[in-house]
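The two complexes that follow have subunit A in common; it is paired with subunit B in the first and with subunit C in the second.
Entry: the complex of A and B
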C-alpha cells in the first residue's frame, strides 16, 4: 500500500501545482458571481436557476479535470521516460496503475470539495439555509461517478497512444452515456432483432453515470434519498472502477515499457 | 568475489508489428557474470543490444529464452530490484517536483523510513552537488543538473548494484568528470557498477572489466588491459572486435 500512496501523492501534487484546476475554479466563481448579481424579473425563485447553472459548471469542470488529469498520467511517464526509473524500483505495474487511479480520484475529490464548498456558500447566501446532508449525498455520488470516469480514462490511456485522442473518446462516451444511456432500453423495444438484443446488451453493459446526477435534489431542495440506495449506487460504481482497473492492469502488464 | 549479476544464454526476440517483416533478434544467447565490487563496462555500437540487456535485467522486457538473475533472484520478480539503482539515458524527471521531493518519493517506494530519508537525501544532494537547488522545481534545472538528480535517485536506497545507461551522455566535460568521480567513489565504497557508454576513454579509465557486444552477440569480455592487448587504446581494440574496416582515404 505504501507504494500506491507514494504514487498517488505525486499525482495530487501535480494537480495543485498545475494551473488547470485554479483556472477552472476561478472561471466558475466569476460566472456564478456575475449570475448571482443579476436579479431578473424580481423572481424569488431565481436562486434555483443560479444553483442549476453553478452545478452545471461544477459538473463540466469536474469532468474536464478528471479526464484531462488522468489521460496524461501514463503517456507523460512514457514520454518523459520517468516510467523507467519508476519501474526499475520494487514497484509492480499494478501498484503504479492503482497509485495513479487513487491519486487522480483523490485529486478530483479535493477539487469537488472546493467546488461544493463554494456552491454551498453561494446557495446559503441566497436561501439562508444549508442542507448539508443533501450536499454530502450529491457530492459523494458525484465523486464516485468521477471514480468510474478516472478508471475508464486510465484504461483508455493505455489503449490510445495520445492523451488528446483518449480525452476526446472519453468525453464522447461520457456525454453519450449521460444523455442517451438512460433511454437505450426504451429504444431497444422499438427495434427488431438482432438490433434489439444488441442495444439491450449495451444498456446493461455500460456504467449508468446518470444514476449519479443528483443536481435536481440540490436545486429543488428535495428530501434526502435513502442511504441504502446511495450505498447500492456507490457499490455499483465501485464494481465498474474495479472492472476498468483490472482491464488497465492486464493491458499494462503486456505493454512494453519503452 | 561473489556473482551479483548473471545472464544465462539470454535471447530476446521482438516480433515485428508489420506482418511481412521478420522477427528481430536483439540478443543471441548472452552469457555475462559481474562480481561484487566490480566496475563493469558494457560496450557496443548503437543497436548492439546494450539497452535491451539492461531492460531484461530491470524486468522491462521478458527474455524469449534463457534467464537473468540479480543477487541470485530471477529478474522477473520485483524483489530482485530492491538492492539496485538505475539511471536511464536521457530522462526528464517530474518537472513540478523539487530534487528533494523527488528523492523522498523514490525513497518511499523503497520503503525508507522518514528518519532514514531525512538523513540520506541531504547526503545525496551533497554528493551530486545539488544542495543549493534542492528546493527548486526540476523544470528549472540544466541538463547536467537533471542528470545528477538522476544519479541521486539511483542511489537513494544505498544500492549494492548500480545500472547506468550512458550516464555521461550529453554532459559537458565538467559534468562527465563529476559523474566519473562519483562512480569511482562508489567503487571505493565497495558498490558494483554496471554501465554502458560510448565514451571509451572514460570506460578505460574507470572500468575493471568490459564486455563488447555486437548485433546481439558477445564478442569479447575481460579486463580492460587484456582486451586492449597490443592495440594503442580500447577504442582501436573495440573497432577491430566489431569488425570495422576503415575506408581508405581517397
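Entry: the complex of A and C
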C-alpha cells in the first residue's frame, strides 16, 4: 500500500508543479467575473446563468485535467526511460497502475475542491445562502465520475499508441455518453435487428456518466437527493473503476516496458 | 533578415491602408454590424432561438425535454403562453414527457436530474409562491436572444411581461418594448403589450387606447386588400372605430398571417372594449367586443358580455318606470 501512495504522491506533485491547473482555474475565474459584471435589467439578484456558466467551465476544466493528466502518465514514464528503473524497485506493475490511478484521482479531487469552493463563493455572493450539502453531493458525484474517466484513460494509455489519440478517444466517448447515453435504449427501439440488440447491449454496458451530472439540480436549487441513491451511484462508479483498472493491470502485465 | 521583415511590415501596412476605405465602402461589408452579426452572420437566429428555449428551460427549473423526448407539450414556450398573448400549439402531457421508467438504469438516472414539472413564477421546485420573483432567472437568456435576433417580437413581449408582472420593474419593461418597437416597427404584439403596460402599470387609459388602436390597425393591415377597402376615406385617415365597424360588416376573410395570430386581435379588441366600458362609452364597447367575436375561439363568452352591455345601455336609455301605485 505504501508503494501505491508513494507513486500517487509523485503524481499529485506533478499536477501542482505543472501550470495546467492554474491556467484553467484563473481562466474560469476571469470568465465568471466578466459574466458577473454584465448588467441585466439592473437586477443584481440574477444568478443562475452565472452558476451555469461557472459549472460548465468547471466540468470542462475537470475533464481536461483528468484526461490529459492521466493519458500521459505511462507514456511519459516510457519516453523518459524511467519506467524500467521504477519497476526495478520493489514495486509491482499492478501497484504502479493503482498508484498512478490514485494519484490522478486525488489530484482531480484537489482541483475539484478549489473549483467548487470558488463556485460556492460565487453563488453565495448573489444568493446569500450556501446549500453546502447540495454542493457536497454534486462534488462527490463529480469526483467519482472523474474516477471512472481516470481509470478508463489509464487503460487507454496502455492500449492506444499515443497520449493524443487516447485523449481524443476519451473525449469523444465521454461526450457521447453524456449527450446520448441516457437515450440509447429509446433509440434502440427505433432500429431493426441486429442493430437494436447491439445498441441495447451498448446501453447496458457503458458507464452512465450522466448520472453524475447534477448541474441542473444545483443551478436551479432543487432539494437534496436521497443519500441512498447517491450511495448506489457511487458504488456503480466504483464498479466501473475496478473494471477498467483490472483491464489496465491485465494489459500492462503482458506489455513490454522497453 | 530584419530589413526583409521591416519591408514586409511596411508593405502590409500600405496594402491595409489602401484596402480599408474600399472595404468600408463595400456594400457587402459586415464591419458596420454589431459583434454578433460579424461573428455569427445569419446563424445568429439559430442561436437566438436556442437561447429562447434555454429561457423556457429555466422557467421550468431545468425540467425540459431533450431532442430525444416527446416535446409535444412544449411546442410553444410556457413562459410565453403564460403571458396570455400567445396562441398555444401545445398538446399532450407536460408533466410526464419522460414516460414510465424503462429499466433500472433509467429509474436510477431519474433521481439525478429535475424530474417534475414546475414553473418559476409559481415557486419553482420549492412550490413557495413567495419566491415567484425567481422568474428573473429567465431574463439573461431572453436578453441574449433579443441581442442575437432583434426581429423576434416575442422575445420583447415575454421579457417585458415578466419584468412588469413579477419583478415590478415597469421602467425596464417600458424600455424593452420601445427597443422592440425600434427594431420591429408597428408590431401589433409589442403594441398590445405596451398598451397593457400603460393601462395596468401607469393607469394611463388614453395612451393605452391609442396604442391598442394602432395595434388593431396594424393587425388589419396584414390583409392588404381588405385594408385598402377599409381605409379608403377621401377625407383622410378614418377613425379606427369607423374602420372596425366596416370590418365587422365584411364577411370573415382572414389571410394566413391573420389566422396565425387571432389571439392578439381578440386581446386588443377586448381590452379596447374594456377601456370604452370604463369610459362609459357602451356602444363603442359593444363594437369592440363584436370585433373580438369575429376572431375569438370562444365567441359565446364575448356574446354574454355584449348582452350585459346591451342590457346596461337599455337601462340608461329607457326612462325609469315607476309603479302606478
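General observations
One rule holds in what follows: the second predicted complex is superposed on the first by the 254 of 258 C-alpha atoms of A that agree within 3 Å, B and C clash if a C-alpha of one lies under 4 Å from a C-alpha of the other, contacts with A are read in each partner's own complex, and residues count from 1 in each chain.
The rule is short, and it goes like this: a contact is a pair of C-beta atoms (placed from the backbone, for glycine too) under 8 Å apart; a residue touches a chain by one contact, two chains touch by 3 or more.
Not measured: the values here are computed from a predicted model.
Once subunit A is used to superpose the two complexes, subunit B occupies space next to subunit C without a clash. In the superposition on chain A, contact of A:165 is made with neither subunit B nor subunit C.
In the superposition on chain A, contact is made by A:223 with subunit C only, not with subunit B. Contact with subunit C, but none with subunit B, is seen for A:49 once the two complexes are overlaid on the shared chain. In the superposition on chain A, A:257 contacts subunit B only, with no contact to subunit C.
In the superposed model, A:140 makes contact with neither subunit B nor subunit C. In the superposition on chain A, contact is made by A:81 with subunit B only, not with subunit C. With the two structures overlaid on their shared chain A, subunit B and subunit C come no closer than 33 Å at the level of C-alpha atoms.
Contacts of subunit A with subunit B, set against its contacts with subunit C after fitting on chain A, share not one residue.
Partner subunit C is touched in their complex by these residues of subunit A: 38, 40-43, 45-49, 141, 180, 182-183, 185-187, 203-204, 208, 210-214, 216-217, 219-223, 225-226, 229, 232-233, 236.
Those residues of subunit A lying in contact with subunit B across their complex are 2-3, 5-6, 9-10, 13-14, 17-18, 80-82, 84-92, 256-258. For subunit C in complex with subunit A, the touching residues are 58, 61-62, 66, 68, 102-103, 105-106, 108-109, 111-114, 124-126, 136-137, 139-141, 143, 163, 167, 169, 172, 176. For subunit B in complex with subunit A, the touching residues are 55, 58-61, 78-79, 81-82, 84, 86-88, 90-94, 96-97, 101, 105-106, 108-111, 150, 153-154, 157, 163.
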